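For reference, the structure I am asking about is given below.
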Amino acid sequence: MSPLARRSIYRTSMFVLSVVLVGVLWELYKLIGPEDGGKLFGAAVLPRSNDTAMPHIWSMLSRYGRPEVRGSDRQIWSVVLAGAWFSFRLSVAGFAIGATIGVGLSVLMARFKMVERGLLPYLVVSQTVPLIALAPLIVSWGGKVNIFGFTWPKWLSAAVLGAFLAFFPIAVGTLRGLASAPSASLELMSSYAASWKQTLFKLRFPAAIPFMVPAFKLGASGAVVGVVVAEISTGLKGGIGRLIIEYAREATGDPAKVFTAVFGAAALGLAMAGFVAISDVLLMRNRPKETTT
Amino acid sequence: MTTSTRIQRVAPPMVFGVVFVALWESAVRGFDLKPYFLAAPSKIAEQFVKNASRILEAASVSGTNALVGLIVGTIFGIAMSFILSRFGFLNQLITPLAIALNAIPIFVLVAVLNNMYSITSEIPRRFMVTLVVYFIVLVNVAKGLTQVRSTHVEIMRSYAASEIEILRKVRVPNAVPYLFTALKIAAPASVITAFVSEYFGGAQNGLGSRITSNIANSKNAAAWAYVLGACLLGLIFYIISIVLENVASRGGVADNTNNNNKNK
Amino acid sequence: MSAVNVQGASKIFNQGTPKQVDALVDVNLTVEPGEFVSLIGPSGCGKSTLLRLIANLLEPTTGEITVNSKTASQSRLDQDYGMAFQQAGLFDWRTVAKNIELPLELKGWDKAKRAARATEMLELVKLPEFADMYPWQLSGGMQQRIAIARALAAHPPLLLMDEPFGALDEMTREYMQGELLRICSETHTTVVFVTHSIPEAVYLSNRVVVMSPRPGRITEVINVSLGSNRTEDTRGADEFFKGITAVREALRGTHADHANAGAVRGVEDR
Amino acid sequence: GSDDAATDTTAAAAAECAELTPVKLQLQWFTQAQFAGYYAAQDQGFYEAMCLDVTILEGAVDIAPHVVLANGESDFAISWVSKALAGREGGANIVDIAQIFQRSGTLQVSFKDKNITTAADFKGKNIGNWGYGNEFEIFAALTKAGLDPAKDVTLVQQQFDMAGLLAGDIDAAEAMTYNEYAQVLEAVNPDTGALYTAEDFNVVSYEDEGVGMLQDAIWADGSRLSDPAYVDTATKFVAASIQGWAFCRDNTQACTDIVVAKGSKLGASHQLWQMNEVNKLIWPASMGAGMIDSAAWDRTVALSLEAKNLEGGTVLTAAPDAEAHTNDIVTAALALLADMGVDTTGSAFAPITVTLLEGGN
Amino acid sequence: MSAVNVQGASKIFNQGTPKQVDALVDVNLTVEPGEFVSLIGPSGCGKSTLLRLIANLLEPTTGEITVNSKTASQSRLDQDYGMAFQQAGLFDWRTVAKNIELPLELKGWDKAKRAARATEMLELVKLPEFADMYPWQLSGGMQQRIAIARALAAHPPLLLMDEPFGALDEMTREYMQGELLRICSETHTTVVFVTHSIPEAVYLSNRVVVMSPRPGRITEVINVSLGSNRTEDTRGADEFFKGITAVREALRGTHADHANAGAVRGVEDR
């Protein structure tokens, strides 16, 4: 077995172990935790352990095997799976758009100090504009925008909102990474009269990778959150976000149901993060490793 | 700082802002966009002035939530990245969970947390901000703690430095720029998380509930006035993180990056 | 037309701050095409700084620098020179061969030609079997040889080399000196060369420029009349030993200065 | 029997249509029995019979139907009156052309032991509401009871579920008769192990408190009402929609099935309850379904002008002009339906009894 | 009791992969307390690797290493040695003085004592006025001197130095050599020293260990009988020139090998 395969098997089993551990902790808390929450130093810090707030693991799991609604022949697991797959594709699209924009902006900002000074505060501000204020605008592009025969499909609005959350960490992290190239290396490139673009691709980007990897990780989960929220907010059907809100309405009578969709969203995020992690391993495999005994 | 460099620093964002607002205003006027769709900046400014005291009040509620979450999340994020960089075992155990947790959109988690705690308390919201900030800090700082030059680690090991000492003297200084990158991302994220957490329940005293209720009432200009409040809050957090960065890296690191930038 | 012309150049770091360092003061230097000029002087006297000024990696505080009758910046843009830095400065993420190919890529050479040249250069520095390894897997001296190969790869008309052979053992060093001389005379390359080794400076150079430390200035220029065809036998020639003695004398003078002279001006003035 | 008859007429009518007019309808929330009439009209071919090809757009959290309508992305929209009028004040030129729900279905539900039987009892309590413009009746009731929403009560935004009420965080929670009220009755009482019953709760009905505001109405684009073709489409659309509602009145179970088939994720027993409760808000309609009762309209407008919200503002700052609503279209539509022999008053309507199951399934 | 004892040590990098490098093979070396031993050999022959093995920064593939009769790892933990690396490896975010203080901090010295020692060390390397500057503001040679100061700061009983004087000019180098000898004899320090300079090796050492390249092994050990009191005059002593010649001969032997020997075993075997 190759060391890589061995490591991935190890990692996977560690993950499974950690999930099991969380499950055990959850049930343990249900066993000893106060039904109606507890206070510590006057603040409610202990969560409630009753079945509405914290359903049993097995009731959540068994919910996957039961039909979504009575009389329906689709079991929840297939609905959640389909939803997650739908949202996954949107997230990938959103991530791709966000990464393109984020990296593009960071390059622009690294190139022109003026742009960095002028733009960065507004990028920050853009992240504090709630989707609810933007949703009407972006949703109204659906069906309206028509450039060169390209009509704006509704799902694209959701992907754009995913991109909206993804681009910012990517832009900031990449910007920092691009500036992190050692001055000696910059001097070398300068001695070759390398154009800015050449320096960018041959030096700054490779040097930026340690900064870009965490940025892309954040961007990936940002894209997922953005897409799921957009599904909730703009009424796009078919994805995990829509399922979550629809199941959330039934949390009173069927508390386990919403958790099935929540786990679907978590799996979605993990899949996205997995992509980034794989690219991390690939990109960093030839870098000097720390010596450890 | 001389006046001219100060102008250089302040002018670009000013110019950009003025141009942006002017475009917006003329778009609203030129295309006769109705207020229910998009409010004009002038109307927003008017509402902002009119509701200034309410905005301040709401911003202080959301801002406190954001601040508490930002501080707690940063502390936990740093602490956890230390633990993870020290114990690879825990790292593999916890990182995927942290990623999974963070990929769950806040709406849902707030809903779950609201049920686990009392919907009338601020704890679920602060918890939420903490979680978001925690993750941002964690992934960045963890990378900063591990991406150290191997020569440096070797030198420390030749001093028989304990892992703790290597952490303090090599990993931490190396992670400082990563931490501030994280804070720059986390500052606006904490603000938006704080008031987005208000959308689906809880006391109606923060920016989030004001924004939703005004939008629902088709009072778009007022809603955007609160959004403006949120933006300013985020900007203040961001500026604080930059100031902290400058203070923290008075010494070599900052100078070094300046030095880098000087070379073409 | 001179290959390098430095007129009244000076370089002051951190000007106006308490940490001001007068690295170079009023330096004048002319290097003719095809000439081999060495810079020698105590540590911190400004040799690297002068090389950086010629390479247009630093702007002089005062004075003017022309390379091939063009401004220093123009000749940098025209890629008139190859440079080997004091620190090898290889890119960790590129294999050894790819590191050597870097300047060729930037000149737009095609892939096959680049690969051929890289192989040729690896032969030259006697490391052909390390082509596919990464810099951090090499010893210090091997890294330095790769950096030299990289500087030579494009056969630039002007070579600026900052202690390129510092980490090499004597045998390898002498071999590399011979190769450098051969290449330079074949391609009529001009070289400005920083070294701490007096024999090396004398063996290689037409002229040895001796510098004094802070504020760095040129104290003496010693002509070496060993002719253009230098072999291993040259190392036994009278003229060779005479050169060595002359340089050593000149250096001793600067060192005496050194012992007395205050170093960082700003620090003193506080 | 009536099923087959409807299908027959549809087929016959469709044959007469040269082509179908495309129509988009924007709902204000997800697919559920609240909108059963439209789905029934679609499913039963009533729209097609009127030469309409109707696409129903579901709502979402951040979708304001009047914005979609005013933007021209839909032809008609379903929205509560006060919310839509606020949009009209914000520049959206929209007109109420048929008032489907004649009564308000909003309740404030609390456990018996909290002793909240009228709005006056809200004082000092945690009062739940949904925000998003669904809270106006609470403000109206508070104003009427002489309470200041900013000081005398603690307003708490509820989630989509009723967990806050059941957990005791919220003293009185906002609930629609056809939805959230059912949710609490579908939940298990941990003390008894059986479902909660109506006896466990006190209910304040805003309709009974005299502060009920008009809810689901069909809104049209005011700028297009000068176009006779649009008016014609609107008339047919309203007629077919009312026909759908009449169908649901008479076929509660069948309509529930239609909604479930359209992809509602709510449980079947819950959906049936909802269908039944919605019917109660529409039927009987003494003036004919969809007619806008001017007394109710005026009351809605008056409350919108008076009721102070948390910020001390009101829903509307000025009374809407007369163009904000019209009975012309619904009158024509009712005439059409009368010709077809559809009962549009439902004077004989009697609700059925629905047994809720755990979780609404 | 020997200060360093290497028994049958070998080191193979990337074992089992196509890029396998046999860096060291069957190395045996004993260094007595107070002894000064130099390692010399062609670039890439494994000198740095051997030093790293002694310092317990690498684990040997086979063989055993003891330092002061303890395992290498124990003596690292006891901070028995000070090390100067081939790359200066200063910390960019620390001032020059703070860089020197680093090992003292780790030994738990108090602030005043650290500052005093740092000042003393800066005097030793003749850079007192640079205490508050940052490493990247220094020239290459100055950085190297700081790294030496750092290695000496704690007065460790064993010094491991990897080409510490490589970037220094001759005068400074001779001065530093003298200082090193003085310190070592005063404090009875044991030194293992890597260098490429034959005179340096002979001048400083009790024994010179000559190594051959890939796979690296010890080919000869030359005793230098210059006595313990070496001064500038020693550089003129007969014994000195004899030592130089002996080492040179030994090295030439290894170089002949070098020219023939295949280098990277894995590459060959493919």
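A few points about this structure:
All chains are identified by letter, namely A, B, C, D and E, in their written order; residue positions are counted from 1 within each chain.
By definition in this document, a contact is a pair of C-beta atoms (placed from the backbone, for glycine too) under 8 Å apart; a residue touches a chain by one contact, two chains touch by 3 or more.
This is a predicted model, so every value here is computed, not measured.
Separation of chain A from chain C in touch steps, taking the shortest path, is 1. Steps from chain D to chain E, taking the shortest chain of touch contacts, total 2. Looking at A-B and B-E, the interface holding more C-beta pairs in contact is that of A-B. When each chain is reduced to the average of its Cα atoms, D sits farthest from chain C. Computed from the mean C-alpha positions, the centre of chain A lies at a distance of 50 Å from the centre of chain E.
In terms of their C-alpha centroids, the spacing between chain B and chain D amounts to 40 Å. Chain centres here are Cα means. That of chain C falls 84 Å from that of chain D. In terms of their C-alpha centroids, the spacing between chain A and chain D amounts to 37 Å.
Each of residues 48, 52-53, 131-132, 136, 140, 182-183, 187, 190, 232, 245, 248, 251, 255, 288, 291 in chain A touches at least two other chains.
Shown for chain C are the residues that touch two or more other chains, namely 57, 87, 136. Within chain D, residues 61-62, 64, 67, 71, 159-161, 163, 167 each touch two or more of the remaining chains. Residue ranges of chain E in contact with chain B, taken from their complex: 52, 55-57, 76-79, 81-83, 85, 87, 89, 91-95, 102-103, 105-106, 134-136, 160. Residues 13-14, 19, 21, 40-44, 46-49, 86-87, 129-130, 132-133, 137-142, 145, 162-163, 166-173, 196-198, 248, 251-252, 255, 262-264, 267-268 of chain E are the ones that touch chain C when the two sit in their complex.
Across the complex, chain D is touched by residues 36, 48, 50-53, 68-72, 131-132, 135-136, 139-140, 142-144, 232-237, 243, 245-255, 257 of chain A. Residues 182, 184-185, 187-188, 190-194, 198, 202-203, 206, 209, 286-288 of chain A are the ones touching chain C in the complex. Chain B makes touch with chain D in their complex at residues 34-37, 51, 54, 111, 114-115, 118-120, 198-204, 209-210, 212-213, 215-220.
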